[in-house]
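One chain, chain A, links the two complexes that follow: it is found with chain B in the first and with chain C in the second.
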Partner chain A sequence: MPIFQITLNGILTGCIYCLIAVSFGLSYKTVKFYNLAHVSLILIGGYTMLLFYKIWSLPFIPSLIISILLTAVIAYLIQKYIYTPLRNRGATDMAMLIASLGINAIISGLIAIIFSNQFQSIANANLPTIIYTFFNLSITKIQLFNFITTTFVLIFVFSINKYSNLGRAISAIGDNEETAKIFGIDTKKIIGRTAFLSGAIAGLSGIIIGFDTGLKPTFGTMIVYKGIAANIIGGIGNLPLSALTSIILGITENFGTYILNSQWRDLIVFLLMIIFMYCRSLKNAR
Partner chain B sequence: MFYLTHILILLSIYIILCLGLNLLAGNTGLMNLSQAAFYGLGSYLSAIFLTNFHLNFFIIILLTIIIMMAISWPIGYILNRIKGDDFALATLGINIIMYELVMNLTSITNGPVGIVGVPRPTIGNFTLNNNYSFLFLCVVALVIIYILTLIISRSSFGRVLKFIRDDEDTAKSFGYKTGQYKLTVFIFNASITAVAGTLFASFARMIEPTALYTSESILILSAVILGGLSNHIGSIFGAVIIVTLPEILRFIGLPSAIETQARQILYGLMLVSFMFYRPQGIFGRYKL
Partner chain C sequence: MNTKNKIIALITVVMVVVIGVNFYKSNNSSNSTNISEPIKIGFILPLSGEIASLGENIKDGAVVAANEINQVGGINGRKLELVFEDGKCNLKDGVNAANKLINIDKVPILISGCSDETLGAAPLAEQSHTIILTPVSTNPKITTAGDYIFRLIPSDSFQGKFAADYLYDTLSKRKVAILFNTDKEWSVGVKTVFEKRFLEKGGQIVANEGVTSESRDLRTTLEKIKVSQPDVVYAPTFIDSGIVLLKQSTEIGLDTQIFGGDVWDDAKFGKEAGISGNGARFSVVSNRQNPQFFIDAMSALPGGKDINAYAPRAYDAVKIVSNIFARVGTDTEKIKNELYKINNYIGIADTYSIDNNGDLSNAQYSIKEFQNGQIIDVK
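Let's turn to the complex of A and B:
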């Protein structure tokens, strides 16, 4: 029965969107603009893993940790040295968006110069893909890894969001930054930490993308836009709902490709995004 | 000299695009990230007309403009309700949708191959095979569009657009139907891109889906922002930057392998530093 397989594939596609949507949503909650530099963070994660694991052939776990940490540190530095000073100069959300586009152009350009513009996969092409089969459903090893890590990350992020002081502070800043400051929350510190966390998740998703489909300096863009689309459909900054919509989006996309054709998958997602944006504006107008 | 005319033709096409986008982004405050999609769609339409029908060139331009208006109407109607940053993201989505459509409707657009062998325009008995005569055509189109955009931005209509940019809710409470104004300027921009697209398709004699890349849209918007929002001279200057910068890089002697990337990095650096030190662009009056 292909329906179950398609649903499973959809969930697995959705898992990647889910990671991106969560990291993007975390970042949005504190800085409150569309940080499109996320595209380049994902590229950084994937390409550092490529460098450590495939080119320098370090063991798997250390290279995973180093590349995630590196992405997180870069995200933190971007926040500290570019976004926060820009905000202090009174930049509007639109100016921040444009600046993040600029950062994205710089980083992806640098990556293309260092690693070439070619399509590269972190997975070793010589080794056969390991496929597990149960109940007639097949899943590759990397997809299983993807599923498990996504589950862990979601549990981690949601528990931080709900039960820790950091999560409460993030919600407070998300509500109103000035008031949060008045109540003694060190907003700069919290925003920096959130950038670190969201950078780490973005790096992880970049690594999974690199194993699963492969990396290309211009390639990450589409997947990230889809993650952002999932976030918008679910409601910006609403992490559980945007995680759920990413999964639904993945399933819809896979069924859409099954019914129509694989070439329409991007179109379906962005059509959905615009329809949702329109419907939400209708609701707001009322 | 041939090289120079080539650059000048491209430059005038980009100036047309930037002037159109300036009306939308600079005067009305709608950050449109789908300019390249409309431009590419216009190019495709005119390429189809030019290769299939042997009509007068001006009739083809008019036909392309009318169809682009018809296409942009429903899009503008939907986008009208979406505000601020969401508008930028929604137009990005529109750009991707249009790219996918052009890529996948292979029976009309030839898919990734694109349409080749678009004839040069014929006016009367005179075919503009020569680049000099084509440049003349481009400059005429540019001057007409420059004057039109100048008239629009200085008219009472343009003042309402600026009002909408500064404060849409107040403009509404003054009784202006802001939705209609925004829709009108959106459609007008689409017709300007149709002209630019027709010129490009018949100049390059081919059109590929790469013209509809989102990066191209970002490039055009950044040109308008760098040059200065809500200023015609600024838009022209921005177009000059994006057209001449790759040529300057080539002139310096950068290896061609990293030329595109170097250009991309330079644009990125310019965008970030402008947001820091001069958010209104070089000649701009309106701070982003």
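Let's turn to the complex of A and C:
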């Protein structure tokens, strides 16, 4: 059994879950509901990159930056013009969840209309994929990019979370929005900034997925579910732990695929989630 | 009796009367069919989703035939009208589409696409005595799906066998790894037949992996296949899985021959797979060379570029059905008997003979190969 290669595959799968878990967790920390519009933010990131880089053939770095910024701005606008007014009118978490589902349906529908429903990859199919091999392990260029950017994003987010005023404000809002407001934190501004940051990370993950495996207007849901699963196992809002569980999920998933059968792939993740939730409820009951 | 009950009773009476009158009327009207009314043919095709490009191509093939018929005055003075519904290549939407076409449009005949769509529609069609004629679905289960179900494409009990024979005899492969889509009837059907035949011939199956057609990360699965050291990978997958399979097997350095099925006969597939598809082959039902008039007519339609294997068969299906309409009218019992009688009908794609199960009695396949994004014939 090629243990190291599978572990590597697992880590790389986990990196994508990790980006999604972190951006989802950031958003959850401030708005306190399952923002399923995240699925469409990933799509926006991927498809804008497809548009700039593949269709309009702009250089890589500018297209990357524009796509990420664009996704972040859209995330911010959704927060500002849809979620915040709804919250101000006293919408419950369930209502917010439904609203986010609606936004998701609209955006993925629009993307399907503009870019067609078909599966397409951002990478040029007529160029050979660049593969690096070391110690019998192979990794493609985009996977390496995936690994490096995920590491950077994690370091960036954790340091913001821990050392900056924004991070402290996010934690305060996460604890109790009302109290935070009383202590003079401009919650609206902080929530908007968090939406921007989490949108940027979601967009980045969409771009990586687009290069690595390809895009389709319907593809995001399962990946986001897995990111959410990682979040739940790691403790919602606990970013470092969710990042760690994402990697563990990725590795378990790949070993499960190898040892059992490919059909088990998606089951394993959710099975793990249920086991964790069950164990935790036992612990809490005691 | 209080007022509330009175109102309910009144409403019930009114409803019964209205429904009764309606029923009487509709019964009457069907007895005296209006001669100038168009004859409708219902279509359940994958017009959105993964294999939408395939569905659009098939649709245009049928449209070409209908245009030809309508230009010369239709069938005994009645125009032919094609009603298209999107079955999205799955069972559920296939059933919905069939319900709509049978109950609202009241079509005597359905022409269906994907195996899932056909299998979803089959029970409804049997019940309402509506004919299904499919130029696309190849799943072996359709053979026994019912008395009213016919097809103009050979069953995969032929294709699976053909692929096994080709890999074992022509390419002398002995160890095969299989990768298929667990959620597609077509994929499971052709894989099952292949498996049986390949084992019978004395071959060995070293890996047997099922993935959903939505899976995008097959690297570890392919790693497993690579470790099992097969001579050939048989992968009757759908389009997206197939593209991912070709790309990622190049990435992990799995340089074994890869062999797919007829769904891969799609120009988009070749384009997306690009150079990673080089050398990969697949079996597809043999058609005659498309006649020039058909190529010309197709290229004038939106989805008619790069004609696939099914579009000319859809053309033939519409032609066959129209011939039967002209002879016996729209009574499905009579149409059914006529369909069973088809013997050596010469269409543009093939020469069709239908057996007692409503299947084609003969099948011929050819091999195609991807080269730099293009699909080429292998002699």
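Simple rule for what comes next: the second predicted complex is superposed on the first by the 283 of 286 C-alpha atoms of A that agree within 3 Å, B and C clash if a C-alpha of one lies under 4 Å from a C-alpha of the other, contacts with A are read in each partner's own complex, and residues count from 1 in each chain.
We take it that a contact is a pair of C-beta atoms (placed from the backbone, for glycine too) under 8 Å apart; a residue touches a chain by one contact, two chains touch by 3 or more.
Note that the structure is predicted; figures quoted are calculated from it, not measured.
Engineer: Fit or clash for chain B plus chain C once both are placed on chain A?
Structural biologist: By the criteria stated at the top, chain C and chain B clash after superposition.
Engineer: When the two structures are overlaid on chain A, which partner does A:F119 contact: first (chain B), second (chain C), both, or neither?
Structural biologist: The answer is second: A:F119 touches chain C but not chain B.
Engineer: May I ask you to decide whether A:Y258 touches chain B, chain C, both, or neither, giving the answer as first, second, both or neither?
Structural biologist: It touches chain C, and chain B stays clear.
Engineer: Pick one for A:M222: touches chain B only (first), chain C only (second), both, or neither.
Structural biologist: Both partners, chain B and chain C.
Engineer: Quick check on the superposed pair: does A:R89 touch chain B, chain C, both, or neither? Answer first, second, both or neither.
Structural biologist: So A:R89 only meets chain B here.
Engineer: For A:A99, select first, second, both or neither according to whether it touches chain B, chain C, the two together, or no partner.
Structural biologist: first
Engineer: Comparing chain B against chain C, which has contacts with more of the residues in chain A?
Structural biologist: Chain A has more residues touched by B than by the other partner.
Engineer: Going by the contact rule set out at the top, does A:D266 touch chain B (first), chain C (second), both, or neither?
Structural biologist: both
Engineer: Is A:S108 in contact with chain B, with chain C, with both, or with neither (first, second, both, neither)?
Structural biologist: So A:S108 only meets chain B here.
Engineer: Which partner chains sit in contact with A:I66 here, chain B, chain C, both or neither? Use first/second/both/neither.
Structural biologist: neither
Engineer: Between chain B and chain C, whom does A:L77 touch in the aligned arrangement: first, second, both, or neither?
Structural biologist: Neither partner.
Engineer: Thinking only about the overlay and not a real complex, which stretch of chain B clashes with chain C: 205-213, 259-267 or 277-285?
Structural biologist: For chain B, the clashing option is 205-213.
Engineer: Just which bits of chain A does chain B share with chain C as contact spots?
Structural biologist: Chain A residues touching both partners: 117, 218, 222, 261, 263, 266.
Engineer: How about chain A: which of its residues touch chain B in the complex?
Structural biologist: 33-34, 82, 85-86, 89, 91-99, 101-110, 112-113, 117, 218, 221-222, 225, 228-229, 232, 261, 263-264, 266-267, 270-271, 273-274, 277-278, 281-282, 285
Engineer: Okay, in this complex, where on chain B does chain A touch?
Structural biologist: 31, 78, 81-86, 88-90, 92-94, 96-97, 100-101, 103-104, 214-215, 218, 222, 225, 258, 260-262, 264-265, 267-272, 275-276, 279, 287-288
Engineer: For chain C, which residues count as touching chain A in their complex?
Structural biologist: 48-50, 52-53, 179, 182, 209-212, 214-221, 223-224, 227, 239-240, 243-244, 247, 250-253, 268, 271-276, 372-373
Engineer: Can you list the residues on chain A that touch chain C in the complex?
Structural biologist: Chain A residues touching chain C: 1-2, 5-6, 9-10, 13, 116-121, 124-129, 131, 138, 140, 209, 213-214, 216, 218-219, 222, 254, 257-258, 261-263, 265-266.
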